[in-house]
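Order as written gives the chain letters A, B, C and D; numbering starts at 1 within each chain.
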Amino acid sequence: MLDKFKDECGVFGIKPHHEAANMTYLGLYALQHRGQESAGIVASDHGYLTCHKQMGLVADVFSEEALARLPGDAAIGHVRYSTAGASLLANAQPILINCHHGQIAMAHNGNLVNAGEVRRRLEGIGSIFNSNSDTEVILHLIAKSKKKTIEEAVIEALSQVKGAYSCVFITKDKLIAVRDPHGFRPLVMGTLGESIAFASETCAFDLIGANYEREIEPGEMMVVNELGMRRSSRPFKEKPARQCIFEHIYFARPDGIMFGESTLAYRERLGAKLAEESPVEADMVVPVPDSGVTAAIGYSNLSKIPFAFGLIRNHYVGRTFIEPKQSIRHFGVKVKLNPVKSLIKGKRVLLVDDSLVRGTTSRKIIKMLRAGGATEVHMRITAPPTTHPCFYGINTPTRKELIASSHTVEEIRKYIEADSLEYISLQGMLDCLENSNPDNYCHACFSGEYIIGFPGQDKESMEV
Amino acid sequence: MLDKFKDECGVFGIKPHHEAANMTYLGLYALQHRGQESAGIVASDHGYLTCHKQMGLVADVFSEEALARLPGDAAIGHVRYSTAGASLLANAQPILINCHHGQIAMAHNGNLVNAGEVRRRLEGIGSIFNSNSDTEVILHLIAKSKKKTIEEAVIEALSQVKGAYSCVFITKDKLIAVRDPHGFRPLVMGTLGESIAFASETCAFDLIGANYEREIEPGEMMVVNELGMRRSSRPFKEKPARQCIFEHIYFARPDGIMFGESTLAYRERLGAKLAEESPVEADMVVPVPDSGVTAAIGYSNLSKIPFAFGLIRNHYVGRTFIEPKQSIRHFGVKVKLNPVKSLIKGKRVLLVDDSLVRGTTSRKIIKMLRAGGATEVHMRITAPPTTHPCFYGINTPTRKELIASSHTVEEIRKYIEADSLEYISLQGMLDCLENSNPDNYCHACFSGEYIIGFPGQDKESMEV
Amino acid sequence: MLDKFKDECGVFGIKPHHEAANMTYLGLYALQHRGQESAGIVASDHGYLTCHKQMGLVADVFSEEALARLPGDAAIGHVRYSTAGASLLANAQPILINCHHGQIAMAHNGNLVNAGEVRRRLEGIGSIFNSNSDTEVILHLIAKSKKKTIEEAVIEALSQVKGAYSCVFITKDKLIAVRDPHGFRPLVMGTLGESIAFASETCAFDLIGANYEREIEPGEMMVVNELGMRRSSRPFKEKPARQCIFEHIYFARPDGIMFGESTLAYRERLGAKLAEESPVEADMVVPVPDSGVTAAIGYSNLSKIPFAFGLIRNHYVGRTFIEPKQSIRHFGVKVKLNPVKSLIKGKRVLLVDDSLVRGTTSRKIIKMLRAGGATEVHMRITAPPTTHPCFYGINTPTRKELIASSHTVEEIRKYIEADSLEYISLQGMLDCLENSNPDNYCHACFSGEYIIGFPGQDKESMEV
Amino acid sequence: MLDKFKDECGVFGIKPHHEAANMTYLGLYALQHRGQESAGIVASDHGYLTCHKQMGLVADVFSEEALARLPGDAAIGHVRYSTAGASLLANAQPILINCHHGQIAMAHNGNLVNAGEVRRRLEGIGSIFNSNSDTEVILHLIAKSKKKTIEEAVIEALSQVKGAYSCVFITKDKLIAVRDPHGFRPLVMGTLGESIAFASETCAFDLIGANYEREIEPGEMMVVNELGMRRSSRPFKEKPARQCIFEHIYFARPDGIMFGESTLAYRERLGAKLAEESPVEADMVVPVPDSGVTAAIGYSNLSKIPFAFGLIRNHYVGRTFIEPKQSIRHFGVKVKLNPVKSLIKGKRVLLVDDSLVRGTTSRKIIKMLRAGGATEVHMRITAPPTTHPCFYGINTPTRKELIASSHTVEEIRKYIEADSLEYISLQGMLDCLENSNPDNYCHACFSGEYIIGFPGQDKESMEV
């Protein structure tokens, strides 16, 4: 019984550092936006690996006691978010196993497209799986490998899988970072004194005071050995880079450098480009906080329409909000956002958001703005229409749920009850890249161009 | 052994409503920014009051089960923050007592100045106190009152205390809202169908879909009786209004109306006024998020210096962050804020914040900006220097800890290592009020003009 | 709204001892059988009292951390059981208050008969109550007292109440033990080096290695002062002693000395006396474990009928046993006891228990024995018929629920389906006392002779 | 890194029953004495297996909610105790896996002697292990089996292991019970209406009201199929039975039938035999409660020395008892047992216990009795000297820790400071069996006759 599922993650690793688990804890803290469902750390101390992982936020999973039980001079960590069906502790990472190579643990960001097939093959020859995670497939392949060294076993295992993996491994004496040949997901390297650190995003380095050095390149494997020396190699067949454009648009924290671009600057350019592509007369540019803020500033700067915080976000919203039973419905958005009526009353609002997935949230926000007195609401999206699901590490719904996969922009506009609706063009989006090559990006969620296909068993996600 | 302590709070009440506890839960949710340490609700059902309160956020304190155990058609609620010493469940509110008037519960925002004296008098005649809370003093006075009705007892009790109280009471058949004659703290009234609701701020009404009607005025008492009818009275001797200007500047949520002013519009005017009063050449206006954002927009709009989100806030910061032991120190700010280096590198930054209390945080932020490459950092504060503690319901440190009580602006500038530092003028701050009379405001924290003095036992807070 | 309720408790106190809280923890451990619902300790350290109490068993309430937060050289502790209605943390003890005498805490075993009247009087003059506990009434009276010293205030307070109290008080520099003039409940004194300890039973001394010295006598007050010196006084009007015979029969741990008698030896004599009073032909004497064991040995020794453990008790039964919904009912007894079928099959069983309250449990046990193959079941009870509730500190149900208050022995025999049923006679029970005067005992639960009456408001408990 | 470890367990299974999980919960409740560290249930509902297991007692692990999440008409359960090193949730049972045969779960009582070798072989071909449990080895062998049916796969797997296993398996449609050819550990079968149940001991049937039918015989496999029909087979090569004599002496609950013997009757005979073999003059026979009680009655009956409960056990001792730091030491026994001084003072005590392992506890008890006034203490043990560890399912320490492996009886007597010490003879112990053949018992712990040897890697346990 194999559930298909997709998850978003953040990874971190460091070696050697006399407070390796503490540094990893901080790194995960900074990467918390990449996954809020589970967190875990595996630390290596004198040849012995210890694991602590739980459902919950980093701050809840790790007490001072828990960190004290993770001694050692090397550690890796992981934060994870997944769709509800697969939200189990068994799927939390890092996954630590014992095999004839000894102890090895892995923290993985990305999804494989052939995990199902490999898993069925392994089960056929007697392997036992404990999770639904793609990651476990890789670990089984490592355990099966007859190669002499763990590096060779890791290479042999990864050579058999297809898909997205930016991952870190830890063994009794090594720390290994690998990024798949297409480089779908980010992975960066930094240094802190003698220590070498890896992370999904540079903000993790900012917090621990490490210096961002460079990206782990697509197809690169970096090994930090028992002496703390690093060695880079490119063990896989070279393939065209396909970095995730959606990290830039939405997923990454704005205060970092990714794929060579400043995320914040890119988002500001997206806003400006959108103002250029689809201007409209309005009294104020209002962002959907927090993700639309930077683009809205860009739009405002170019259009000269004043920027205004017309929607206030309640940052105390927890995961366990209880909807009242009868009287009031659809609190989803209302609990999180509230319009500033005194500001928007009688005004024409230009609303900027980073994406429009199902349309239901936008519809509610626009209703809210009109109830608050806005006379017109024009919506601008800093991404092209999301028509296809991601199979490479971002949680997007099935095509059936993606409103743009089966509706025209005009139909969507009507549904969300906007006075106008415009998306940035695919070309416009790519044109905003300044320091990186547009050809090196994956935009399958907008274009449907899946360079490595998608999981065979997951036809359902692709039905419209 | 009587600890002096001060706390910030939010209150809510509703009657009649068939989901009174659920509405109160939502109201508290919206008021969460006024207190994150404890939350509680008392509901009244067929003449019997039930209480549920705990340490923690509203979302954590109330499960669906907990709310189900709070039936009834009337309820009051409370959220609270206090200084560490007094963070006890015993001080959580509402406080529910049994006395010869029957059951009565109270939720109170504000601090009294004569609580200590009254308490000593009551203890002298044998009263037992279970908390350090001013609120308990009021309840003891009610229990002591020989008046026939609870309203009369409440009036008699409140006539004996001096200080700030915006509060709601609930009894087996009545809901009572009262604001002290000076009206230090806010209290508003709204309607939702047949229901009458009271709250510290209008955002609570926005969430439950209630209409904001008007403020409870300084010295006003509003009783909602067993029939759901309301009756206003002014049982206390009239006194000059002294509404808290600091609510406008910092404490209140920006998306509301308070004391007749739009909070967001006022803050934007503060920013503009500051730009007028103390201009400087800079490349970008950067707010300290989230509270400095609106003022920064005002500053940017008037000065034409571009607005930029140069500091990114990590919203996943929990209460339990564990500082690493040895290697890195002073994480306080670093965990919460991170500069966008690609943006500020080589730039002159105009940094806007709403207040400067001890100076330590500003010092760290400026250090962070310089480390990120800013060539100049000019700090602008949208409040005058905070020279005096508040005794009327805002948590401010003692004079000794307030850097402005003993240092000149130039000395503070040197301490925080800014290239320039300017505060808005007291007059400028008052001039920004548009719909309300400046004479009706308390600004003791800036001017030292304590209209009703301060607690006799608390000389310590006033020593420099 | 004043609930009437009764509770069983154990108390402990020690001073001076450099590990006072730890010793109290051990003392409560040994007294756990007197109350399993809540546990608490108040310790006094350099003039400051600290309290820790919670619902739960001693071992669950006190962690090493919790004990570490209770420093000081004097402490008192309490364990409590009560009927469900009043099982609230608010009723847990010790109760610690602040009043004009300073901090004072109290741990109380017993129930008052005039608590309701005193409470109504105090509420009438404005006192606020936080619990349903009789103990709070005493503390209010102390707080009201104008006497100069705490000892005088305690005496004045206790002079106003009527009922059972064996209690310990702790203040910033004193430890006080008092037993009411009738001495309903036990209270003993011991020494451990320089330390003086008080406890409900001597088993607490055995565990900490203290020497049992003597009982605190009815009407005696013992004060241990700031120098660790003790001083005995008899501040109350003398009254006839009325020690609880039921402590001997059932409630006390068998391994102690109480009211001058060895509990175990007394119970063995009860069994022998019963064998003498009501012999019967049987194949084996089977106790209802654990409380019937000693009496069964006495019965067996005198009657020469072999003793056998025909019922096995499952000691792992927790508080939270979940009854299966449909298939099987009445697990109450079955989960706790199981007959040894191979032993009782075809045998005539003489079943010994210490009391028969509602009859439902006995009925189930006898059914169980017959299902296990017993050919006859003769029941013998080592107490007279329980016809009246206790108001002096033992939890007995109302008269309506006491089967013996309205049914003859023969009717009860039929109900429990025994072949014969006999109780020990009142005189027989008293004759078994060897070292104490039968006139000094209260046996109201068997005789209805309530020397100080019962609570006025509690007529209900006395209706048949 | 393979830890060797041994554990004690209880198992239960039932099918078909519409409340299968509830019945299993009750069964585990009755078997709680076989393991208090973890508990778990796997239930099968319409072809899907669900698992719930946790560290803790049955009553703590299963809430009503937890049981409600275990629907289905078949279930198995497990309770477990192990040495500290291996007390991990990962080792808790049942273990549920997914493999090419589908879902299968197993609950296992016993230890294998070749688990280490099989595991190393499996790891060598790439299998991943998640626990230190022998049980996982069996599940891997099942997953590896190419046999068509699960029964065949189970048989193939068990044919490859050597050691003790009384176990139950559950699949989407079957319930399987198997006992190894030597039958080291017990396993019984009962019926409840249409339902067939398996359990480690008959007391589980008593609680759910099932009828004990017979033992699963050594080497027998019983399958309950999708129609609820059972089918017995003997798939393994026949071997001599070697049932555990120590279950009779100590481990089993006294109220059951095991290996055809009444446990309680056997223990009473052991006491009588001991009185015959090694009489002594004494004033009372005192058992070490609870396990020594029945044998003490047997000793008393034969010797005519009166039986007395001279040691009282505190049944409220929790797992988390905190030892006071400085003043008092060695609380281990004192917290659990207290002598009745009034009873033993001046008396010659004949102390009966079921075994003497390290000698430290006996030494403390005897010291306690002498401190309580006993003039002589004669110790009698109802087992022969324990000279060898068990490798077949009972937790015994290494030879080094077993005092009898390197000391004479006289040396042990001196160590425990008894006036005399006698063990029952090996022959005497076997002679007490009434309904079963002495040749069919394993007594390796007394005789060192390990019929199937012991784990190759565990030489350490055998060093003296």
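Assume contacts are C-beta pairs under 8 Å (C-beta built on N, C-alpha and C of every residue); 3 or more make two chains touch, one makes a residue touch a chain.
Bear in mind the structure is a predicted one, so any value in this text is a computation, not a measurement.
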Neighbouring chains common to chain A and chain D, by label: none
When chain B is superposed on chain D by its C-alpha atoms, the rotation angle in degrees, nearest 5: 180
From chain D, the most remote chain by mean C-alpha position: B
Rounded Å distance, chain B centre to chain D centre (Cα mean): 62
Intercentroid distance (Cα basis), chain C paired with chain A, Å: 62
Approximate Å spacing (C-alpha centroids) for the pair chain A, chain B: 37
Two or more partner chains touched - positions in chain A: none
Complex interface listing, chain C residues touching chain B: 1, 48, 97-100, 103, 123-130, 139-140, 143-145
In the complex, chain D residues that touch chain C: 17-19, 22-23, 25-26, 29-30, 32-33, 36, 57-60, 62-64, 67, 203, 206-209, 253-255, 257, 262, 264-265, 290, 293-294, 297, 301, 306-309, 312, 314-322, 324-328, 331, 334-335, 338-343
